[in-house]
Amino acid sequence: METTSERFRESVAAAIRDDELKGAMSKLTSALRPKRASAVAGLPEFDQLRDHGIAIKMHTLDHMDTYLARFEDNVIANGGHVHWCADEASARQTILDLCRQHNVRTVTKGKSMVTEELGLNAFLDSHGILPLETDLGEYIIQLRGEHPSHIIAPATHLQREQIADTFRKSHAHLDADRAMDTAESLTEEARQELREKYGAADAGITGANFMIAETGSTIIVTNEGNGDLTQTLAKVHIVVASLEKIIPTMDDAGVFLRLLARSATGQDMSVYTTLSSGPRRAGDLDGPDAFHVVLVDNGRSAMLGGSEREMLRCIRCSACLNHCPVYASIGGHAYGWVYSGPMGKVLTPSLTGLDKAKDLPNASSFCGKCQEVCPMRIPLPKLMRNLRVKQTEMKMTSWRQRILLFLWSSLASRPALYRFVTGAMTKILAGLAGRKGVFRWLPLTGGWTKMRDLPAPEGGGFFARYDASRKENN
Amino acid sequence: MTTSSGSSQKKVTVGLFVTCLIDAMRPSAGMAALRLLETAGCEVVVPKDQSCCGQPAWNSGDINSARKAATPFLDAFDTCDYVVVPSGSCAGMLAHHLVDLFDGSGDTHAQKQASSIAAKTHELTSFLVDVMGMKTPPGKTGARIAYHDSCSSLREMQVSAQPRALLKAAGADVVDLDKADTCCGFGGTFSVKYGDISGTMSDDKAADIEGKDPDMLVAGEMGCLMNIAGRLSRRGSSVEVRHVAEVLDGVMEAPPIAGPRNTASGRPEE
Amino acid sequence: MAASDRTLIFDRLRKAGEGRIKAPHPGRATPPKMGSLSGKKKIDRFVEQASQQYATVDTLSSLDDLPRYLTKWLRRQNLPQEVVIAPILEHLDWQDTKSVTTRTGAATTADMVGVSMAYGAAAETGTVMMISGEQTPTTLNFVPDVEIIVLSKKDISAGMEGCWDQLRAYKDKTGQMPRAVNYITGPSRTADVEATMVLGAHGPRRLHLLLIDEASPWRKNR
């Protein structure tokens, strides 16, 4: 998928003026934040499970080759196939080749962020195969020609009226007077539209929340049932998964499953958690005839050896998005790529290149809420700061910032000069501010003063007062 | 550990780090912090060779500038028992990041100093309560006070109950904000570099505060206070914004942050 | 292309691990208390959790009662007297009912009501475990509007740990995992529209669980 992260500032400016987006984001955060809190409070062993999950992940990241090889052996033993793709072009081509191999013309799709990353739909479409998204949120944004704005609730940026509007335009064959004013009616409409499509599909493409080495199984964690319909009713099931989804055993999956739904939506368990282990067996009455797992690297192995390694622990729960005040203010599209919110601020530059996503690691106040709610305790502020360090080293930062920090540190490293300069400057500013006590604007502070007054300094600096008070006391 | 007068017990020496924002913007809050520590029974030194903890450059990813800025600090605070800071973020910088800052410097002496400072650094109100055992502050107020936790205080320094306890003991009616643990949007240079996002976050915080109808907004973080006061002022709010040190100290002669002032006396307009 | 990609990826992975002290696997996690209940508490937990997740739960005095129970239940629910059933339930006396018509096999979109049998369950979260296979086609779990699942209390584990062990035993016995294992907790739902929860998305709108005391027909094959 093409990135628009370079247009971050313009996107943010537009997002902040968008009242409908604001309303939608408010609905998301006010629903999901208390739900997560309640679910976590309801599991006294939550922190221990986090520790255990982190240990499993760190061990697995140290043994990726072993576990991926074991996974492959087991998929093959189950009658399935594994395809290795070093980059996104290879992955797209592999999937297209599989479609051709199986004479695939119609495709249904479950929600998969890695396929968004690959720009898979547009690519397959250009070759005459348009996958039909079946997850409700993905279905809606596909109709609108948009990209997902949240990793588990792709249409979260939309209000009901906007969705109804989209359905009115796209489902022109339905009765124009039908009820469309509730979430229920819209969900029902999508259900009916998609019902027959699953069985008619030549291939069903899904992602994977986890891949289990022990059994050669891929796991999807869902609530709607479309992912299961997609993979069960189509003739061919294609799973697309990035390398770091691999975990050693089924019991390990149990640990992550206890953390995932709670962190995401506040459920103890999602409605459907499905292990897929190959094509239909002899005697089965349903199921796909062929099972293909497309393993995608596309930058993960590079992260493994680098300073962003800890980001590979991510289990894509979206807790960081749901709790981030920046994400709540600007929505997901402003980040310019598939992955938004705090995890997107690290993953997007890591996978697409820091030069394409200069603003992302910087547009954070480092409040730390993301790290606090992350089930894998990923140190997101630290990882963002690491990227800022990289930007400084690579001279990607603005000359203005470089000069200001240089001047500041030169001053701060000479305390006597520092006291003199700051004492004098603050006195001047205090005088300029006069009775008002604030500045409505000052040079270099336009970013602040657009929405806030700038309080005036008391003037003179601390030591002037301190020395004076000591003289008084003596 | 507070000593009663006449005791021959050695006093705790505290190195007070006022922080660059308090030094530049609100020295009166620094003086209030000083008086509070003395009231608590500490011997307070204020090393002259202090300026900045290096946080702005550290957070911006400019390690060299951060090291340069923080270097005088290492010698200045070498000998005191404790380093006490009226700021959760600066205390957090010293307690949790100073060691990392000097980690790659190759200067083993500096690394040792950084370690020692990290171990003895405390935020002001948590120091008063947890270490000095202060139960009742000198200041008295009956005001309805909305208390704002800075993100660093909350998440890096575990400061939350202590300032509230002291404010209540001072007589204040302390109220919590609905979205108490949501960032106000300051974030250091973030407030200027991404001013529209920062401003939006400050507006959400201001709305939360006004919804509680307090007399005062109080926090132990100058950056947050400037940010919140700046937005409240732009909204025409009458909520007074002060640093927690001022309220606990009780003197409160300075006009509130972003509040109008009489240029001659520095006192608020009648 | 694929073969060389595989080599390339493994090279990258090995290189990334060079010189690192590798972290050990922490072993099996201790299940939380809520996943470690036994006896009546375990069964009660299952019923309570399943109900909280919008499944309806009832008990059958015996599996043989299923046809008669269904006739009554379908009538009370105003549902058609036609069900598609899993082969594992085919041996029951469906002729006796005189009203419920059954078809055995995979489900199609024409099927309003499907009836199947769980292989296991986790009391911790009120979750049933369904496996694909000759006896219990997967489509019964997702295609019909109403899904009825019979579950033996003897097959309810305290938590998923018991379910994983069941799957390992299955794999050891038959040589392979089932093609699909579905853990199901309540009827389908979504919150994609304004973060408002709606029951009944693409999967079944309703999940009705029937508990029996006796061992399931699965046991004969285990």
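Labels A, B and C are assigned to the chains in the order they are written; within every chain, residues are numbered from 1.
One rule holds for everything that comes next: contacts are C-beta pairs under 8 Å (C-beta built on N, C-alpha and C of every residue); 3 or more make two chains touch, one makes a residue touch a chain.
Note that the structure is a prediction, hence the values are computed from the model and not measured.
Peer 1: Using the touch definition from the top, how many steps at minimum link chain B to chain C?
Peer 2: The fewest steps needed to get from chain B to chain C is 2.
Peer 1: Specify the chain most distant from chain C by Cα centroid.
Peer 2: Centroid comparison gives B as the farthest chain from chain C.
Peer 1: Using Cα averages as centroids, what's the distance between chain B and chain C in whole Å?
Peer 2: 56
Peer 1: Counting only Cα atoms for the centres, state how far chain A is from chain C in Å.
Peer 2: Those two chain centres are 30 Å apart.
Peer 1: For the complex, give me every residue of chain A touching chain C.
Peer 2: 24, 27-28, 30-32, 43-45, 48-49, 52, 55-56, 58-59, 62-65, 68-69, 77-78, 83-86, 90, 93-94, 134-137, 140, 153-156, 159-160, 163, 183-184, 186-188, 190-191, 194-196, 199, 215-217, 223-226, 228-229, 231-233, 243, 248-251, 254-255, 257-258, 265, 267-281, 283-287, 295, 297, 301-302, 304-305
Peer 1: Can you tell me which positions in chain A touch chain B when the two form their complex?
Peer 2: 12-13, 16, 325-326, 329-330, 359, 362-369, 371-372, 385-392, 397, 401-402, 405-406, 408-416, 418-419, 422, 426, 431, 434-438, 444-448, 450-458, 460-466, 469
Peer 1: If you look only at chain C, which of its residues touch chain A in the complex?
Peer 2: Touching chain A: residues 1-2, 5-6, 8-10, 12-17, 20, 22-26, 28-30, 32-34, 49, 53, 87, 105-106, 108-109, 124-127, 132-134, 137-139, 141-143, 159-161, 164, 167-168, 171, 176-196, 198, 200-204 of chain C.
Peer 1: Could you pull out which chain B residues touch chain A in their complex?
Peer 2: The touching residues are 18, 20, 22-28, 30-31, 34, 46, 48-52, 54, 56-66, 68-72, 76, 151-152, 155-156, 181-183, 185-204, 226-227, 229-231, 233-234, 254-255, 257-263, 266, 269.
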